[in-house]
Amino acid sequence: MNSVEDLLKGYRRFRKGTYAKQAALYRELGEGQNPRIMLIACADSRAEPSDIFNAAPGQLFVVRNVANLVPPYQPDDSLHGVSAALEYAVNVLKIDHLVIMGHGGCGGIAASLEGEGNPEIGEFVTPWVRLLEKARERVVASGSVNPQFALELEGIETSINNLMTFPFVKRAVDAGDLEIHGAWFAIKHGELHWRNHQTGRFEVIEP
Amino acid sequence: MNSVEDLLKGYRRFRKGTYAKQAALYRELGEGQNPRIMLIACADSRAEPSDIFNAAPGQLFVVRNVANLVPPYQPDDSLHGVSAALEYAVNVLKIDHLVIMGHGGCGGIAASLEGEGNPEIGEFVTPWVRLLEKARERVVASGSVNPQFALELEGIETSINNLMTFPFVKRAVDAGDLEIHGAWFAIKHGELHWRNHQTGRFEVIEP
Amino acid sequence: MNSVEDLLKGYRRFRKGTYAKQAALYRELGEGQNPRIMLIACADSRAEPSDIFNAAPGQLFVVRNVANLVPPYQPDDSLHGVSAALEYAVNVLKIDHLVIMGHGGCGGIAASLEGEGNPEIGEFVTPWVRLLEKARERVVASGSVNPQFALELEGIETSINNLMTFPFVKRAVDAGDLEIHGAWFAIKHGELHWRNHQTGRFEVIEP
Amino acid sequence: MNSVEDLLKGYRRFRKGTYAKQAALYRELGEGQNPRIMLIACADSRAEPSDIFNAAPGQLFVVRNVANLVPPYQPDDSLHGVSAALEYAVNVLKIDHLVIMGHGGCGGIAASLEGEGNPEIGEFVTPWVRLLEKARERVVASGSVNPQFALELEGIETSINNLMTFPFVKRAVDAGDLEIHGAWFAIKHGELHWRNHQTGRFEVIEP
């Protein structure tokens, strides 16, 4: 897919294919959405949540940004895109599950490990991945043999911890109305790993 | 899809279905991504870009937030999620096309029109959709018979204008290396409207 | 409906149905008409103004021609059908609103895009749709992905501009006695789009 | 119906009523029109062909102008709206029946009888109804007790004769591919009169 023509061709395939089968569902969704699950995933072109979970339209409320990060709660008047989506999902849609999904070979994670000083991404990516600073230090200190992989998982822990700093998230979790999950997708093998609530370990899901 | 079990079932359908057909592609994508197109879309569960454009893994670099908004260029050290994704897409991936995609019945647009004072979304959504303030004023002043729809389109104009305030975006556009597009998806009829560069009008795409 | 018999059967359905309910209204209308709204629509069999606006007898003064076109003001002694209807509606009926209504899949618009040289329609349709020549050039120059749709809208702009070349129309508009509107009807989805005075954009009307 | 709001309310009634029943028909008509019957009627708000014949969308190709007039064949490059619609209906749609429908209390007929010199309609209506000049002279000469009614019928004769001056119309009629009819509608009583091919007399249709 390289051009507008390709996008429009893709749209026509969608119309002849999926849409033709789901026209009634789309008509119904025209009335409103009621997803039960929110996904915070990476913008990476290779880890598409609705593909990986074979989700139908209307099922996943999806935020995507560099390295699937959630900043901590910071109630001021400035712009907080992820926080706005969180607020909408938890307070308006009242979602039941929130999944932070990372993936292998994440460029944002690589940028964090690479450290600062890269002019190509110095203005915005560098400050953005500072959200991973403490996690990065832990990974480096741990002498991991695969810091990229280790930080991809540590980053998910960081976002989960940041999530809990939002009063409305904590309230929903404490009330048993919201469950928070972690997942990691191995692109090369299309392998899904799911975070164990108790141990915090990521376990391979049998296909 | 209401539970973790549903998500894992979905993953298993993916493995038996799409993935089985795309295993070789995923193996190759394990080496790295090279999407030519970036999409900035809404988190809404009903307007899934990779579905609508029938995109394969690796083809679309996708940011999703409330109301598919792009803030203006603001180079300080604070967190700018969309700007970080933009910087990565334009400077690192060197994408050729950037599409802002809105959709019908957008909750963020409705929140902007509803105005301030809703406690459920007052902490983050309200400040976030202030990005639409000028567009909202234009729409209201225009006496539109369908302000929701009008602001969905005006919001795309706003994001396109904000995009051009990023020096690295403007540079790429001026150099002919990057094209910026607008699209709007009508959920009920699964109908795609595409923005005409010259007229700024959105035109229905024949399915 | 294929025959005179079908037409007469339809007339009898009208007598037993609508007319039976509206006999008193028809009796009153026998004394004279006083519509407040004029519609200039296409002759196309699929876009019937009184159906689309669920209008009662006496409510819409309707001109219908190929591609709902209004020629510019040309005061000579030759025949000007649309101009005559305009003059009657504005000067005699003193209508308050004038709506130019286009629609999807318009054959006259297609004829304009197809260009000249089609013998089937070369004697009258071809010269008639030359009224769209400048609009057609704009659409072609704009590189529209959907020139048919784009020209359907541009044609409405053209007719609105031509309307304003009639001194008696301009006078009524300037005096605030007459409002001019644009509308477009999507046959397939029965969807009405209404032109926004300020932006010139067509906005979907929520059913 | 006095305002845009009324029109939009009417559209919403249409959506909830007729359209809801005819959605499938409209969807099908989205592919193209194939009416078998063309109607040339008056712009008068009280004589709505699709009402009077209880026609469904797609059944009638309708031209409406002041006094339902057809000019004679005049093949030059200037604008001929009725001729363009005729050419399209006969050569492209290949309609089987063409009905000229007049009605009682026609303002265009009254304008013809009133004669010239009325400034309100002097620029366009007066030249337009000169198409009726010979018919008017016949009516006046006949000493009719009801010249308005007499000219409404004579005007239909005139249009039928003018129709036959179009080579493509005459050809279709001679080939037995096209039948031409005359009808007249009495608004006050909702009464349809149909022209007898042989006698040229108009006969009341039993409801």
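Going in written order, the chains are labelled A, B, C and D, and every chain counts its residues from 1.
The working rule: contacts are C-beta pairs under 8 Å (C-beta built on N, C-alpha and C of every residue); 3 or more make two chains touch, one makes a residue touch a chain.
It should be emphasised that the depicted structure is a prediction, and the values quoted were computed from it without experimental measurement.
Excluding chain C, the assembly's touch network divides into A, B | D. Look at the CA centroids: the one farthest from the centroid of chain A belongs to D.
A straight line joining the Cα centres of chain B and chain C is 37 Å long. Chain geometry summary: the mean Cα position of chain A and that of chain D are 64 Å apart. Per-chain CA centroids place chain C at a distance of 15 Å from chain D.
Centroid to centroid, with C-alpha atoms defining each point, chain B and chain D lie 51 Å apart.
With touch defined as above, residues shared between interfaces to two or more other chains in chain C number as follows: 104, 145, 186, 189, 194, 205. Shown here, the protein chains touch in a chain-like sequence that does not close on itself. Taken together, the chains touch in the following pairs: A-B, B-C, C-D. Of all the residues in chain C, the ones that touch chain B in their complex are 104, 138, 141-146, 149-150, 153, 186, 189, 191, 194, 196-199, 201-206. Within the complex formed with chain A, the chain B residues making contact are 1-4, 7-8, 10-19, 22-23, 26-27, 29-33, 35-37, 43-48, 50-66, 69, 71, 75, 77-89, 91-92, 96-97, 99, 104-105, 107-108, 111, 120-121, 123-125, 127-129, 131, 179, 181, 186-190, 192, 194, 205, 207.
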